[in-house]
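Each chain carries a letter (A, B, C and D) given by its place in the written order, and its residues are counted from 1.
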Amino acid sequence: MNKNRLEAFSDGVLAIIITIMILEIKIPHSDDWAELHDLWPKFLSYIFSFTFVGIYWGNHHHLLHTVKRVSSGIIWSNMNLLFWLSLIPFATGWMGETHFSQNTVITYAVLLMICGTSYYILHKVIQANHKADENMKKMHISQERKGLASLVLYSLSIVFAFYNTAISGGLFVVVAAMWLVPDRNIERMLEGEH
Amino acid sequence: MNKNRLEAFSDGVLAIIITIMILEIKIPHSDDWAELHDLWPKFLSYIFSFTFVGIYWGNHHHLLHTVKRVSSGIIWSNMNLLFWLSLIPFATGWMGETHFSQNTVITYAVLLMICGTSYYILHKVIQANHKADENMKKMHISQERKGLASLVLYSLSIVFAFYNTAISGGLFVVVAAMWLVPDRNIERMLEGEH
Amino acid sequence: MNKNRLEAFSDGVLAIIITIMILEIKIPHSDDWAELHDLWPKFLSYIFSFTFVGIYWGNHHHLLHTVKRVSSGIIWSNMNLLFWLSLIPFATGWMGETHFSQNTVITYAVLLMICGTSYYILHKVIQANHKADENMKKMHISQERKGLASLVLYSLSIVFAFYNTAISGGLFVVVAAMWLVPDRNIERMLEGEH
Amino acid sequence: MNKNRLEAFSDGVLAIIITIMILEIKIPHSDDWAELHDLWPKFLSYIFSFTFVGIYWGNHHHLLHTVKRVSSGIIWSNMNLLFWLSLIPFATGWMGETHFSQNTVITYAVLLMICGTSYYILHKVIQANHKADENMKKMHISQERKGLASLVLYSLSIVFAFYNTAISGGLFVVVAAMWLVPDRNIERMLEGEH
């Protein structure tokens, strides 16, 4: 029951984060197609962030699935993750507003790194509190690998932002793609339960 | 349990989408009745979108009712649907702001088409994952028919927008009415379960 | 289960309505106490609406408690109620912005009347679908009486707004007080179940 | 079941409060690092409020855990608490906007005092309705002590705001730290149940 409320609150916060970003795309006053065209950086950064928050939701979902007992440590590392995720609408809007300029792409990449690290901390805290069976262990290892690869890719995207922000954007797509590919280990774990 | 969180997250996102649209109707500074009168295109487009998102919620509700096992495919086709629905407040506000001008009505109709197609994809993914009994099959067929009819009507509304946007608006009403009429097949399916 | 999602969606929409109203109170740029003082009509209208939406949530809660089977009629009369309630942040902001000027107080009173009527319709639809035991019948009668009294008081507040909007405001307080007094019948009904 | 809806509604409102505060941090038009730097008072006040609302969520969670029967008294003292918490985004934004100027820090401290008092009232109403076992009693006593200490610290922060608002800010940090330290009594109570 404790766990249900932790999930419900996290779902609420994630649902609001993912949805209020659209409010940052201001409605044009004229009906000119050019107005819509000029908004492409905002829509593109919105697509990025919608995808990232969606991925977090999906993984959070699987991770909390393995939780049996909610401790203070889990509550607060979850709150820490939600805090950093709540800054995504700001970073997204700033990147869109300035047409993916260098500083804003760096800020966005740094924020994603912190979110990734916070997720990793939550992961570790949950792992420390629970004995995992074989399938869960495989899932944990697979998630950890992806997590570390993401941090490396975010670091690279920060470095490349000094040369060409398009490469940074490309690396964001690589990270997203890596997480979007269905995870055989998670699927197997879930199936094992049924 | 998985399913409950998918429903809860979708409900959250849909509830936020349907409610934040009202924030796009800016509060007038004077208390003149004329101010309220000038807002009619915004209120009208709000009514349209509230109805459409409400219909999606109702159908999503019935569709997920039939889900027994949540796969990655279902999670991501659901996320895809939510993404397009999340753009509705923007398209609604733009249409209201420009008094239903041609370009914005076309944009709105195209968005509704993409939402309809995304719903159809989710429908197909769920169907592929589940064996349906007789009542569910009837519901699936009925929903598919309505879905295709909607796509045809949206296409027509785009064509007519080049002549008269009022006809496009009328076609939106026809689509909404078609979905609002209680679906005997769904009612029967639900009753069959009790 | 159906019912749970109807409750969850309604709770989501009501929670958003009650909370986004605060966004209409714009943050002053200076830290002068006078700035805070000038916001009193906005805070007052916020208190009114928070109370009214809170009352709707409480009653909605009790009303849906009695629902055993969710029909299309219930879904759509609930959606109709949520639509009108979703206009409350607009009417609240307008009334606050113009310091409770006549036209905006009338608009607010009319909106509350429509919300009350929509609640009454939902009530009737639910009653038509369910056999009520003795306690429920008492609750239904008590709610109906309060509902009718509210409509009369709202009508009076519209009439008085032409003379003095303070009287209309006083009548809003009377309506709120009437609903806030704990309802012995509901309490008894709930106790009867335990 | 009653209780579930009370929790769900409270979670919804708290999730929205904690998340919409980010909307008050307006996105800069230029990509200059100076723009980000100038936003530090807004980010700092956001961190304060995120932490405080997070603490309320955690404690609310534990407190409602002990509720067996939802009375009108509980519903309305909960609604009272949510009302005051809903003003936090305003007070937070004002304090950030004016760089923690005296009047806004006092306003913030007064609001936190009222929130604390409202929580205390909810606590007392719930206690009056339920027989507590040994572990619960310890939790109640521990929460009461912390609550009273918070009120004293808030009072001090108001007094110090007349000399130096940084001291007030430091006292806010002390209050937060006091609540963030995991509560052995709550942990023990929860463990006792499993």
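By our rule, contacts are C-beta pairs under 8 Å (C-beta built on N, C-alpha and C of every residue); 3 or more make two chains touch, one makes a residue touch a chain.
Predicted model, so just to flag it, every value in this text is computed and none were measured.
**Q** Chain A and chain D share one sequence, so how far apart are they rotationally when you fit their Cα atoms? Give it in degrees, rounded to a multiple of 5.
**A** Roughly 90 degrees of rotation.
**Q** List the interface residue numbers of chain A and of chain B, divide the shared ones by all numbers used, and answer same when the ratio is over half, different when under half.
**A** different
**Q** Farthest from chain A in C-alpha centre terms, which chain would that be?
**A** For chain A, the chain whose C-alpha mean is farthest off is C.
**Q** Express in whole angstrom the distance between the two chain centres, defined as the mean CA positions of chain C and chain D.
**A** Their C-alpha centroids are separated by 26 Å.
**Q** Compute the distance, rounded to whole Å, between the mean C-alpha positions of chain A and chain C.
**A** Chain centres of chain A and chain C, defined by C-alpha means, are spaced 37 Å apart.
**Q** At least two other chains touched by the same residue of chain D: list those residues.
**A** Those would be 8, 12, 16, 20, 23.
**Q** Can you tell me which positions in chain B touch chain A when the two form their complex?
**A** 1-2, 5, 8-9, 12-13, 16-17, 20, 23-24, 69, 71-73, 75-76, 79, 82-83, 86-87, 89-90, 93-94, 97-98, 101-104, 107
**Q** Which bits of chain D are touching chain A when the two form their complex?
**A** Checking each residue of chain D against chain A gives 7-8, 11-12, 14-16, 18-20, 22-23, 25, 27-33, 36, 47, 50, 54, 57-58, 61, 65, 180, 182-183, 186-187, 190, 194.
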